[in-house]
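Note that the chains take the letters A, B, C, D, E and F in the order they are written out, and that residue 1 is the start of every chain.
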């Protein structure tokens, strides 16, 4: 059930049987010479829709722009500052809590979002605890990173070994190829690719990772792989979501 | 050209010939018993994509959640506070300005966003003016509200007269029916519908507009109307965008 | 009844019979070669005092500085950033709400304030709704722009036609001449005057509107016109205020 | 020279010979049963105008609302939170610094403003130092509290002894009587008046100081006293201002 | 009783008999050629520990970094901006108030903290008053500046006369020598030392006070003096604290 | 070399040979019935001092209070909100960057700080990149968590197996016993201890972990263990720091 294709009475009816909601969050950032700028949002959104179908959960609209400040020296990247993203998450969760939701399951497509999401959850619990909302103490937020699912990780290792890398990876590119086969990009990729540098500011990042990839070879990706990753992630995160709902 | 389906080298190439970008912005809010919660985001996104195709402009991912605090007493609504939205817009425009964009054309689907957008533009100009960006003084932001296009307005008047109302209107519902024909909703609509009340806080709003509509009869909407509105809006906003680009 | 010339017991007594308050808001910004920098505050303040006398309403001190960032390339302009102004309005309304006021009627002298005021109202309703104030849901804020009164607009059209322009207008200058006849300024005004450009940042604004006027000929203003505008605005806004009070 | 009665070319001319500006700041707060709510703004504004005349300095519009949170349990009080006031002061000084001003002399009518003003000055220096303004390092802000002038203090002691108190004092009431003789209020004042309690929150304040006075007997005030205080304050602060200008 | 060496059940037990807490606050800033950068934190911390022992009060960890923006042109200085410090104080006091504390006695080692502390207290009272905390109205914050104790001031005058100065003073250096005899520094001190300049921005400060001292001769300090100052401050502030507790 | 026991000329001299600095950060939070509230700050501070000695690095004062909102239902806990902590870290790093530091090595004692620290680093890089600081692009921040050192982790496993738990662990308690042998606490510890629950809000946390421990048996700790942990952490983090300095 997709929130944006629902009416408010449908949401009201949903809330009588569940207080859980899935919130996909991605990023709008460079993904190397062939990866789509929307990769993280596309993956998170598609997988979240799959989880919604599998579990009957309502799915919020995808948060397309996240915390990608270190990618902003590449054109096309859009990022919130962490302090803005904290306010955004707080606003989202507060609105939905007032309506009756208490179980917030973020399906995340971008490693760079994780720290700020966790900070935002802490800020949000404290904020909501100060409001006059009866179920404030039941509010729970968790983040499920599809690319860190055990099954996904293992398949990536099998298919790509250490060419999976850590950004603009073949696994995430594969998922976008599965979702948008019409948008498969070709570009020459140098065989050597930078890897292993820590992440600091945006200018520094582009100097260390000149084409945007971090140790990855996205040329290995195929739409068929993408479907496999998609299926594994949907299955594992669906289980995670249902378990999250079942624990008080 | 859709930003999220592009690579960063494609954006880099685009910037050599244009510094314009289209940013659709909607809202996630109740739209009466039959209107989709994503109505404003769906309309803004679809029309923005149409304008992008018609003009060759790059289109940013849709900002799905805007300023809808007055709708938050209806479940399913998500809103940023105006102060959060100002920061979000500032972050978006600042990132894109650093990359070389200077002409920001927001295609807006929600009346409630307009005031905050304008405030955000002013805040953003002042902010960017303080940074060391050579083209800072060329940054220009405008908002094009598809539902206020002259041609759209006239067709709505012809088709619906005063049953167009001002929220959950048949015209916007029609566009969503055209875009998502699989999500056309049916629900009983009382013939009387509240209208003419000013908008204050969320609880007050729901008391005055108990089913969420503001003077509208969305039962009049059809997907065919939706196509007409879509075509008119794309045409008129495409012209507006090209004119915006052409003026220094 | 002027708040600043009242004592707190007088305010306490006033609150027993009315919960309405008038808040004049202007701006401190350039108004062309002959217009006073305080024009918007002077007009808003004087008209608000008139409305207060006509209706028995209490009138708050004038907010002298508003949102005028686009005028800040002209010396003498002082502006709040929109985010600061939102906090200021929120603080004002919150204090007065605690005291028992619920009907906030802003009399505004500056078009550039409108968007930020509306954003501030939304932010304020949400904020106050979270506090433990019994009458929080009754809080209502509206803005009455004296220069957009129908009667004012019509007189300006009759007297000045299209030389009214949109900034440093003869109508507002006339009101200041009526209020401060000792401060009528003379300066050569070029017959050609820029008009029709959109408003972006401050540096851009001064380039497009080199003497600060926007399509106006303030040389047409007279103190007698000023009195006419004043009387019309006071009458129309007094009616608006009383109607605002009468509607629940 | 009053900023609000000046034009921008007049300010431009002024800046060629002086970079100093006087900014009156008051408060809108209860001043006991007979003191005007605008007392602090009235005193600061009137004295600032006097100093402007005596020294040829330009005078900004009075900041009518300051930091008076501890008075907000009395109706009619309006206060900024300190964090808001810091932003407001920063915005004012930043705008004026861009225009060329460097010497900011605040004439203050409210003890409760002093701490926040000083905090705001520190915040502002750091902020302006980060901007690309050539004369950023010359920016200097000082606060001149008229009620703490040596000559004023001495006269108050002579006239009122320990009945001067520390809030709603006869000296400040006298100045308002001199400025607004038509607004002299009468009300019974209990001979005993609370004094000596520390200031904490607003509810606590009203419990300790039930009629709003702090150890004062404002019934001693006369308009003639007011003129004396006014003259002394104008003279002393004019000297202070000129000295401030003369020191690099 | 030191908070950081206590367990939560010990704090719970403490709260049954007292709601008072001592919070030392210093600064991390240059103190001239021979003064320690931690001088203010060292003095405040040591004296607060002494007061805690003398009165049985619990002592919070020292806030090591305060408001020292004007010293930031000297390497080693770390400062919060006032707006950050307000948030920090608000967070501290809010947490402790929830736990049951109501009497907050800050022992301060840095003059530059005072204004921001007072602003923070006002902001905090207003914030806490909006929360659902039963004892919110009892929250009281005061600041005790050890260097402004009457007994301390008098001894400094006796020992150093006008060579006490106002920053990097022999009295505060003496206390650090008493606390950290192993860290007594020697460096040539010019006999002339700047004094009497107002404090503005950081660059300006270093220009006026090139070696960081303000009118002081810290070479006069001895550890024995330090013990005397320490004893006087502990005694006087202990009395102040107990009196603070005793007044409702 | 400890910053707080240094003078500014000593820091100036240090900066000529190194731009690295170590910043210990802990927390002030409950650590079960026997763990000290200052545990995380004590461990981080002591180990940081050790690393400073081993490497010749300068060590900043310990940040005693971090992000511990989830522990605030236990008395004695003090926490910054994540948004406050981001500002604090930004202020610290900005000040020190202006002075010439570029390599910021945070030694962290609290798992709950990690997410907010990472968010703060991203926010800080973006902020500093906008300032006019020549070496802005060289600024690098990393966090070294002593309790996650491989050698520490292994020893904890050997000594305590799964009784190490994840909060109020015997390993961290042991370090505090080594540093403060005079503050070893005894209290009955139930043999069963909650573990495995996710962390949400503060009230929820205390319900799930009633005595504050998370799966740990701190009764196993000894000062001798503490010395071992201390030595291992100092050694490993010293190597990490030196490696951090050596990489451009």
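The criterion applied here is as follows: a contact is a pair of C-beta atoms (placed from the backbone, for glycine too) under 8 Å apart; a residue touches a chain by one contact, two chains touch by 3 or more.
This structure is a prediction, so every number in the text was calculated from the model and none was measured.
Path length between subunit A and subunit D in the touching-chain graph (shortest route): 2. Think of each touching pair as a link: the shortest run of links from subunit B to subunit C has 1 of them. At the interface between subunit D and subunit E, two copies of one sequence, more than half of the residue numbers in use appear on both sides, so the contact is built from largely the same positions. Chain centres here are Cα averages; for subunit A and subunit B they lie 24 Å apart. Our note on geometry: subunit C versus subunit F, Cα centroid distance of 53 Å, whole angstroms. Once the centre of each chain is set as its mean CA position, subunit C and subunit E turn out to be 46 Å apart. Looking at subunit C, residues 72, 81, 83, 87, 130, 132 sit in touch with two or more other chains. Applying the touch definition to all chain combinations yields A-B, A-C, A-E, A-F, B-C, B-D, B-F, C-D, C-E, D-E, D-F, E-F. Contacts from subunit E toward subunit A in the complex involve residues 130-132. Chain contact summary for the complex, subunit F toward subunit A: residues 67, 69-70, 72, 81-83, 86-87, 112, 114-123, 125-126, 128-129, 136-142, 198, 200-204.
Residues 2-12, 15, 28, 30-38, 41-42, 60-65, 72, 74-81, 83-84, 87-88, 91-92, 95-96, 98-100, 180, 183, 185, 187, 212 of subunit F are the ones touching subunit E in the complex.
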